[in-house]
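Pasting in a structure now, in structure tokens, and then I'll have a few things to ask.
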Amino acid sequence: MPLLYITRKEHFNAAHQLWNSNWTEEQNLAIFGKCANPHFHGHNFDLYVCVKGQPNPDTGCVMDLKKLKVIIREEVIDHLDHQNLNLDVPWLSGQMPSIENISVAVWHRIAAKLPVGVQLHKITLWETQNNFVEYLGE
Amino acid sequence: MPLLYITRKEHFNAAHQLWNSNWTEEQNLAIFGKCANPHFHGHNFDLYVCVKGQPNPDTGCVMDLKKLKVIIREEVIDHLDHQNLNLDVPWLSGQMPSIENISVAVWHRIAAKLPVGVQLHKITLWETQNNFVEYLGE
Amino acid sequence: MPLLYITRKEHFNAAHQLWNSNWTEEQNLAIFGKCANPHFHGHNFDLYVCVKGQPNPDTGCVMDLKKLKVIIREEVIDHLDHQNLNLDVPWLSGQMPSIENISVAVWHRIAAKLPVGVQLHKITLWETQNNFVEYLGE
Amino acid sequence: MPLLYITRKEHFNAAHQLWNSNWTEEQNLAIFGKCANPHFHGHNFDLYVCVKGQPNPDTGCVMDLKKLKVIIREEVIDHLDHQNLNLDVPWLSGQMPSIENISVAVWHRIAAKLPVGVQLHKITLWETQNNFVEYLGE
Amino acid sequence: MPLLYITRKEHFNAAHQLWNSNWTEEQNLAIFGKCANPHFHGHNFDLYVCVKGQPNPDTGCVMDLKKLKVIIREEVIDHLDHQNLNLDVPWLSGQMPSIENISVAVWHRIAAKLPVGVQLHKITLWETQNNFVEYLGE
Amino acid sequence: MPLLYITRKEHFNAAHQLWNSNWTEEQNLAIFGKCANPHFHGHNFDLYVCVKGQPNPDTGCVMDLKKLKVIIREEVIDHLDHQNLNLDVPWLSGQMPSIENISVAVWHRIAAKLPVGVQLHKITLWETQNNFVEYLGE
């Protein structure tokens, strides 16, 4: 049976700030530049969730993409869309809301909800049209 | 001589909030929904500036696009990128930072700096991949 | 008060066929080519609805985009998405489902539902990445 | 000698339907939802074919992309474009036209035609702007 | 009868240089900057041709898009694709190959070939992802 | 500690020609077709640089993307943008300026400048909207 990788894209709009509270304002500005603006800035984030598995012979599909969409929305988008990633998201609190850290947190939330026979393969998170991060669970 | 319309695209990332301080929190949430989040949310904004004029016979160009880029960056992008549109921008203070109001404010800043022989034609501002506003100065 | 043009994008996936029942199969194939396939073909359609008006001083917005989204979905997308445009849509029956005719029909459905103070300006319908139609109501 | 991966994108527009003839209509609608519309729906599909190999020292290229384009068109696009994937394609008949199954079938058709020294690496098939499948031949 | 605007997109890849032979090298570099590189530079150009007319009642279409595609390819793309716009194109010789001048020349070539009942409305030419020109024939 | 892959996109516009000086003009035209135009043609190239590493606990980031941007611009973009890839780039001279060869050369220039703890993972170079190459350093 062939192994297929299937990806669903969702998006959210959010504010964030890169700021290390153990550092002075001068250190934060020196390291994070404009990303340390104390009043926050924001982005339109594009999130791609890639799962892998073998197609079900009855449906021809690795999994029902409508179910994958519901998992992503309930576990991630409903928590992040139109929110402040530093202040409003319990499962991101206490860590820097970089796209690296967000991707790892998203990985664990999605992986816990996938049906039997389907494995999470990759989380891709675009922050702007010019940069994105990928996490494969390792 | 033919009349040509030439457009330059720039972008900025910013936080904002739709909130009317004459209203109660309930009214704001009822009207603006998630856009009224008191901790702000944000977007990657794409700004298109369209100018019109006749090509200079010596250059074949309506205007030097490098100069248009500098005008847009000095008058708009350097003020808005990685900023909070409610708190950080003097020329937006006192008004709702909707894409409608931002576009009108951007129009007046750009129009004042264009060289002789070139007229501003249209400001287009994309807030997400699904919505944008256009202003033609009238 | 400035006049602003604001656009919302939605999309739908549908099957259709270009076929004139007054013609023979040979005539249909000669005129419509592959678009006359009797088993239908299909597209991902992108629909842009542009309205114009003056921003409300209390909100800074021409109209609530969430309301525009609901109008487009209830009047158009819910009727066309995952449908056969020749067979499944009462308000398209009896006419060729070309993007020209669909756009005119969409115009009349949306225009009838807009709130006071907002006018429909343009319907844009993309059929593929290489062709689209615009209708301004005239 | 370095190993390079080179990708060519093509596209096709087609109708399809997800329907298991061993099931009742109720079962099909319960599992496939709108995708089970008996009158079909359709998409603009984007197909990416990725091959790998070492550049020829005389040309600097892994393979002539014009030849890869001809292979993809003759083996795949000419068979699928403006067709009904359930009814019109002999090499898809008898199986569900899901993007998973189409990708596997496309893999075998392309792999059989590549020149010596070039290996097929990945088939990627986009069905909408929000979902796609990848197959690596295993 | 409604008036519809229909657009077809094509593209070409070409080299060019902005250089005024009445000026010294210093003047050219001062005005055109990197665009004056004597060895040329190049772009992927996207060309949109928009025509207007009333749909034919028999076809539902303003014009056969396959015919519009053939006109654009025969009159423009076949002359410009993989060419040097300063050296290889008789109908551009003697003028600066700016996107302004190319658009006006393309307008006249396309307008002369359209069928009765269809009028050319707009030529749009993208030079990079950040700048484009529009010409409406006036 | 998780391993993250982070990608930065930059672009450049350049002219090039595929031509093997050991061959006759007939051979070059037979093999390279329009790409062998002796007056050159050109493209808008999109370059993606992907690096991998573990996020720094103090910043949440694999590396400072502003520094990655500076490395890419100083090592690659400033040398290639608005240049002729056959004539103007010392580190490409003596080899065919195919996207395969450019990618390998770019790999070595970027890899030599990355900070400790960050490894180059992949170079991706798009030549047109329909073809691109990937190199993983092996």
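Think of it as A, B, C, D, E and F in the order they're written, each chain with its own count starting at 1.
FYI, a contact is a pair of C-beta atoms (placed from the backbone, for glycine too) under 8 Å apart; a residue touches a chain by one contact, two chains touch by 3 or more.
Predicted model only: the values in this text are computed from it and were never measured.
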Starting at chain B, fewest touch steps before arriving at chain D: 2
Chain copies touching (chain C, chain D) - same or different residues, decided at half shared: same
When chain B is superposed on chain F by its C-alpha atoms, the rotation angle in degrees, nearest 5: 180
Chain B and chain C, separation of their C-alpha mean positions in angstrom: 28
Residues of chain A touching at least two other chains: 129
Those chain pairs that satisfy the touch definition: A-B, A-D, A-F, B-C, B-E, C-D, C-E, D-F, E-F
Residue ranges of chain A in contact with chain D within the complex: 2-10, 50, 55, 58-62, 64-66
Chain C partner contacts - residues on chain D that touch it in the complex: 11, 13-16, 34-35, 37, 39-44, 81-84, 87-88, 128-129
Parts of chain F lying in touch with chain D, wherever the complex brings them together: 18, 20, 22-23, 31-33, 95-101, 103-104, 129-138
